[in-house]
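See structure below.
Each chain carries a letter (A, B, C, D, E, F, G and H) given by its place in the written order, and its residues are counted from 1.
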Amino acid sequence: MSEHRDILQRVADGELTVEEALRQLGGGREYDLGFAKADLSRPKRCGISEVIYAAGKTPEQVVDIAEALHRDGSAVMATRVTEAHFEAVRIRYPNAVHYKIAHIITIPGHKPIEPVGRVAVVAAGTSDLPVAEEAAITVEFLGGRVDRITDVGVAGVHRLVNRIDDIRKARVVIAVAGMEGALPSVLGGLIDRPLIALPTSVGYGMHLNGLAAFLAMLNSCAPGITVVNVDNGFGAGVAATLINRLA
Amino acid sequence: MSEHRDILQRVADGELTVEEALRQLGGGREYDLGFAKADLSRPKRCGISEVIYAAGKTPEQVVDIAEALHRDGSAVMATRVTEAHFEAVRIRYPNAVHYKIAHIITIPGHKPIEPVGRVAVVAAGTSDLPVAEEAAITVEFLGGRVDRITDVGVAGVHRLVNRIDDIRKARVVIAVAGMEGALPSVLGGLIDRPLIALPTSVGYGMHLNGLAAFLAMLNSCAPGITVVNVDNGFGAGVAATLINRLA
Amino acid sequence: MSEHRDILQRVADGELTVEEALRQLGGGREYDLGFAKADLSRPKRCGISEVIYAAGKTPEQVVDIAEALHRDGSAVMATRVTEAHFEAVRIRYPNAVHYKIAHIITIPGHKPIEPVGRVAVVAAGTSDLPVAEEAAITVEFLGGRVDRITDVGVAGVHRLVNRIDDIRKARVVIAVAGMEGALPSVLGGLIDRPLIALPTSVGYGMHLNGLAAFLAMLNSCAPGITVVNVDNGFGAGVAATLINRLA
Amino acid sequence: MSEHRDILQRVADGELTVEEALRQLGGGREYDLGFAKADLSRPKRCGISEVIYAAGKTPEQVVDIAEALHRDGSAVMATRVTEAHFEAVRIRYPNAVHYKIAHIITIPGHKPIEPVGRVAVVAAGTSDLPVAEEAAITVEFLGGRVDRITDVGVAGVHRLVNRIDDIRKARVVIAVAGMEGALPSVLGGLIDRPLIALPTSVGYGMHLNGLAAFLAMLNSCAPGITVVNVDNGFGAGVAATLINRLA
Amino acid sequence: MSEHRDILQRVADGELTVEEALRQLGGGREYDLGFAKADLSRPKRCGISEVIYAAGKTPEQVVDIAEALHRDGSAVMATRVTEAHFEAVRIRYPNAVHYKIAHIITIPGHKPIEPVGRVAVVAAGTSDLPVAEEAAITVEFLGGRVDRITDVGVAGVHRLVNRIDDIRKARVVIAVAGMEGALPSVLGGLIDRPLIALPTSVGYGMHLNGLAAFLAMLNSCAPGITVVNVDNGFGAGVAATLINRLA
Amino acid sequence: MSEHRDILQRVADGELTVEEALRQLGGGREYDLGFAKADLSRPKRCGISEVIYAAGKTPEQVVDIAEALHRDGSAVMATRVTEAHFEAVRIRYPNAVHYKIAHIITIPGHKPIEPVGRVAVVAAGTSDLPVAEEAAITVEFLGGRVDRITDVGVAGVHRLVNRIDDIRKARVVIAVAGMEGALPSVLGGLIDRPLIALPTSVGYGMHLNGLAAFLAMLNSCAPGITVVNVDNGFGAGVAATLINRLA
Amino acid sequence: MSEHRDILQRVADGELTVEEALRQLGGGREYDLGFAKADLSRPKRCGISEVIYAAGKTPEQVVDIAEALHRDGSAVMATRVTEAHFEAVRIRYPNAVHYKIAHIITIPGHKPIEPVGRVAVVAAGTSDLPVAEEAAITVEFLGGRVDRITDVGVAGVHRLVNRIDDIRKARVVIAVAGMEGALPSVLGGLIDRPLIALPTSVGYGMHLNGLAAFLAMLNSCAPGITVVNVDNGFGAGVAATLINRLA
Amino acid sequence: MSEHRDILQRVADGELTVEEALRQLGGGREYDLGFAKADLSRPKRCGISEVIYAAGKTPEQVVDIAEALHRDGSAVMATRVTEAHFEAVRIRYPNAVHYKIAHIITIPGHKPIEPVGRVAVVAAGTSDLPVAEEAAITVEFLGGRVDRITDVGVAGVHRLVNRIDDIRKARVVIAVAGMEGALPSVLGGLIDRPLIALPTSVGYGMHLNGLAAFLAMLNSCAPGITVVNVDNGFGAGVAATLINRLA
């Protein structure tokens, strides 16, 4: 309520009109696009700028939202993009980058970012890579440094042990796995860092679209593991970023 | 149908009456207890004598069935027993043995059994011991030799690696785990023996009575693992025995 | 593998016998209690000492494990304790403390701990307090400072907004809620800190033992939220601690 | 049974033949289309005329049913229409209107309707708009006035608070949300009007086709909220209309 | 935000100090009971005073909360009470009333209430009565008039038709049913009033704690039906009250 | 509507008053017990007299309903009874019979019943007997002759084949099984009679309270099998009776 | 075993060779098609000839199986056929009939069938017709007479009451409904005939592919209803036939 | 740890450098393909060479992995292949074989394999053949001899009994079934060999993608059956191979 106190004090001091105070109490700035409103005050409030979830949006809508978010020179990211989205975006932003495996587009901002910290993205199998990359590129877009450790599934546990020193250098670890989802449990017993488990829908038979991996991560015998939704690489990347930023 | 051919031939040869042949074609011997029928031809047909599932039966019923099965000198086993079951059994059979952790009673048969083969029962945590012991004692009752390896959960993967040479000596391996059920996946990548995964209902929160462990085992990234029902130590023990007996 | 390299170098240099090296490569120290093995190398490996999960253990077993863990002067914690557990523990450790709401016992270690950082535990309703306290006391036991903000459920959203400045002071936030589990979503839109959602099984009707709250948290429209298992206050406390410790 | 009494009295008085009475006791008027029967007595009985659910029907069938319902000058509405349905309908009814976002066609009746009351349709995100519009247009078709408040998801709770005075003007409120479905819980704590929660299947990962949002609404900590089926904008619109019509 | 504008204007006019304004902006009055906070501004905000959910609370806690809520002369209601709760309450409030079937206690307020409107509570079977009564007494407590129509399950549909004229007199209808939950569907085709479906957990076999009844109500072929949670008579009563109050 | 036509004709002919006709159109006779209404016209309408479901009713209530149903000399049956129910019933009806395995009480009617037809109740295991007996006694109570074939589970398929000629003598067959529920599938391939599958909740591990047996019966590869709810011996008995009665 | 006795007696009498007896004991005649075996002894054993489930089979396979089954002059039926199946069948059998709504083909047998008995197929809505027709044509193919009563859903219960006299003329009733599946419950309270409930997957929102309708039918408050699998018109038709044939 | 001891001893003896020892302790040989790593030490560790899961891989990727695995003359197998995969593979390996029903490609190795043992693959219906063949060809590829017994579903149980002598000749049995999944239960009561149950997703209505068959197998009344995932013919084949190889 400290913001509230400031506003009230300025009203009491006559520095602010009632109408203006009302607008400020009402909350953040928005940019109205007709079909959507871009929340421009989110970076200040939540530390993370708004990101475009492209699935189900037309290429034109993605370009329009990108323009609204890029208006003040901020970098822009869109997830779950198709080739068609990228075709439209790079006409408007020739320096846009398309990460094909991760299905992500980024548009650089006016100020270059110096990466900070270190996040390890550890993936069990090659089929988990698209989700792992969504997480990794999200972290990089938000200003973090990423180490990628792949193909370290638990059915060849020596592969994981071989890479454990690399993983221990990170401040935060994202463990990505489908099928039986055992990677975070094994990893959780080997490191002393915050560990985010990211289940994928990779599997077959009665895998139930990732539920098997998800439940395994949720019930890990290694304490202190947190979980995000199935295939939600973006969410894992944001969570890792908020942790990685802690001074 | 070779048995059928023998019977028919003996009928054609006049060695067998039609009525007697009919009885023999009808199948196995049974001993009628009024409230149940003991299937005395099962050992010959399936290789495994009938075992008493004591849950829901009175002490008297357990003693009665035990007598029917023991009639010809066979050893007898009852699973899921309570203290009261044992009280009743040992009055009739003073040499009966009560395995308290496994909730099992055995009554020795007239012929001592020389254990054969070697089955490893590998358990993740101390809470998994009752189910693991049900499996182990089932194997021993049915004539197998058992190695017990316990407290080798994957959150301290070095514990498992430390014992791997012991496990590799077995002909068959039963891997017992609750919670996230990752033990069989890690173990499956380290051995070349038949591996039976035995999920337990050990866990809390959204563990769904063992479903989490069960699904993980079913979806293991290590191929060739088979699974039995949750907490079904007896079933795992029978399956391991049938494999262990193969010459 | 740097540890491996050290060991091997010392073997090559003749400073270490093969047997001793073998023991060291095998992993951590354990203290064998017969019915369980205490993993004494966990603090070094994972940053968190082993904690006693008292549910299903006898008072005697809890005391025995406590003694094993306390042997080197470490503080000890047991969760999901009953009154009977505490009766037994305080005979052996008169300075043990019983947190009744959280169902936790702690035994002080030889070295006092100076609390670091700041974790906010934010609970929606009074029924969520036992789980929230399990999280809060876990954080405190592991050396963190805790702010408790309670009774700020979303059906009176002004209550939450009123306390937002207090919450923003924390380095990590744990949001605890049952029923519809909306608290983390609202909170996630108001802060820029790592946010761990802790669902509780509080609810009635088709609440499905906390599944409703859990699914809501998993599908939050506020990005970057991670989730732990239903009623798993201990797990949330460990996760928050690992984050809170980051320098 | 008052209708029954009238009929019987008229039979007793000789004003009605037995056959005619029998037909009247049998219930409402129907118009038989061969492949379906239009229930023409529904408006009198239930207050709501029959509406065409176009999904799975051919354009010709939709036109035929429309003609049966429009026969007496009533306005007609069809939901879940495709472009092809509209092509067929406007040939027959040039003044038909196609609401593309809501996937609805309406054909004006002979008597213009003066809208009554006021229903607020409050939607959390832009992806919820098709369902929200299905509800809004249903209300308008049935003679109600609608206020649309959109993009007020709880991850930016100030947006909702900003619009609360507008919402409070309504007699009934429909709250539309997918993902974690928290909007009705927050809204329910801010208003004193009947509140219908309308979950949508908007979401990803383990959202289970709207089950997450649905369960959250069903378990809201704000009392007095009622729920309709996932994506059932039409049902919510009818329910709101029946409430809005109360004098 | 009109309340906000008032406060700000009074600050600008010097009628209100910044501190006092801050407190008012913070929202409603609360009465802190130590273990809980009573939300005293809810009646003004939501039209419904706070009600005590007694399940899981001690008799003393229920009395304490009752006192806080009764402080200003308001009537008080507690749901899901036991005999022990009532024993404690009537010592403090001798005029308290215990509705045994509904498991509800009420304490009269200082001002008598003149019942308004008319709500029909229609129950399928005798086993549904406790839930139906919870709904009925909630409506009465909140100032509505109730008609009870019971034992009109659809397996004897003439019973329901017999009572339809009574039901049509109500402004709002609550239909209560367990088992196959068909009552609201049949009723919805016979009336033109808002209809709230209230599923109960009455049933056996694969009834899944009321899921069968619940799903049937949610998927009713009669449009415009809304649903509350299983056994949530209180919620249905509040929803009916908010509708019944509309002028 | 033939009944309607009669009533109307008699009104037209002046043989019936409007009030009396109204009462008759309203449907069956009921006997109001205060806490319940006994439906006395059910036997005429549905062929089956009302049966008392005793679970959750007090002994006094069971006696009261029995008296209402027995009033006109009909036989009475109560299912899911306890010892206490029987204690109360036999004071009032000394000739009442208590079937302990089936948890049923019957009170003879004034007219003895000559059993007709023949229903086979085939049960897989001894644990299925309580449910099988509930079905068998229901059939007998409703006037059918029953053959009981027990302990013919499919894991000893010769047992079933041995009894097939007995089973083929019945007009209708009820197949009762828990666990994997395979009995109806095997039986369905051996007979040409109506076959009702009755799943029981007998099983352990992930049996899901009979869901495993139930799904197996529902998906039988033998066509023409119908299913009733888990453990619903009464329902199976009624269904078999309606079939058995067909001339 | 009477068949067994005959065979044995003829062996004993020297009328049958051992090899021939063995073949006869082995069971029914089969016609091997390479990719499948037609079970030609099924009509004798089960009363129902084998029917072709065309889904997933090529047109050529359907023709081949039809030829095998038609070889002895029997009529042949194929269910779940496509247009392509019919194109292929009518080249070989010009008198084949294609029931488009039911997705069934029939090929007449050499002997005309005189229909017996009477089965009522009662359907709730027009969307339920394909499943209802599958049931109706199955009954007719197997020699039964069918009455079709459609569009009698419970949301206009007078429609059903209007047709009840027609329904009561049948020996067996099949009640077909999707959505909330209430039709069998209402119907079961109005008739005294065997009633088979046939749920359909018609519905939307959280209908779960017919689970809602299915659970409602399974939990009907009208006793004696049996259920078949969702959309399994063929199974309902076979079950009704077996009942309808009882003399 | 015997391998560890060797390595350490050779380091102590100066036969091995620290770096080389470190590499050896790290585990098996891998061949890095850029997009994946082929695990070349798996045959030695697990007895089974790595197999290509072709679903979701491009033809080029399948060829590339095949080359890596075939490099040392080993035979190679790919499962879940399409026609396009085979087109690409046979250009590179003209002697590759395409098993169309099983969706498998094999490439012969340099050394011919002499088949050992005997595995029976027993399938219930023709629709189960693709899964059964995946299992059979996996066994053959890994060096086992296979007997195929098909179309022995339990609705014609004589078919199975007819073939039982053939089945009894095998060392291991795989029982394949969809729908109600009863085959393993019946088979398990007739043989004394290890029995692997392989459920298929064959079925319709509420079959839940094979869950019905799966649950039936898991809950079999015949003890000692183990289960693999739905449609996982490959897994069943590997499990059978590991058992079949036991000397």
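By definition in this document, a residue touches a chain if its C-beta (ideal position, glycine included) is under 8 Å from a C-beta of that chain, and two chains touch if they have at least 3 such contacts.
None of these values were measured; they are calculated from a predicted model.
By residue number, over half of the touching pairs seen at A-D are also found at D-G, the match among A-C, A-B or D-G. In a homomeric contact, the two copies may use the same or different surfaces; for subunit C and subunit H, over half of the interface residue numbers are shared, pointing to the same surface. Between subunit B and subunit H the centroid-to-centroid distance comes to 25 Å (mean Cα coordinates, whole Å).
Per-chain CA centroids place subunit A at a distance of 59 Å from subunit F. Chain centres here are Cα averages; for subunit G and subunit H they lie 38 Å apart. Contacts with at least two other chains are made by residues 1, 26, 45, 156, 161-162, 188-190, 205-207, 211, 218-219, 222, 229 of subunit A. In this structure, the chains touch in the following pairs: A-B, A-C, A-D, A-E, A-H, B-C, B-F, B-G, B-H, C-D, C-E, C-H, D-E, D-F, D-G, E-F, E-G, F-G, F-H, G-H.
Across the complex, subunit H is touched by residues 126-127, 151, 156, 158-159, 161-162, 204-207 of subunit A. Within the complex formed with subunit B, the residues of subunit C that make contact are 26-28, 30, 35-37, 39, 42, 45, 55-56, 209-211, 214, 229-232. Of all residues in subunit B, only 1-2, 45-48, 51, 161-162, 164-165, 171, 188-196, 218-219, 222-229, 234-236, 238-239, 241-243, 246 touch subunit H in the complex they form.
Taken in their complex, subunit F has these residues touching subunit H: 124-125, 153-157, 161, 179-182, 185-186, 188-190, 203, 205-208, 211-213, 215-222. Subunit E makes touch with subunit A in their complex at residues 1, 4-5, 8-9, 11-12, 14, 18, 21-22, 25-26.
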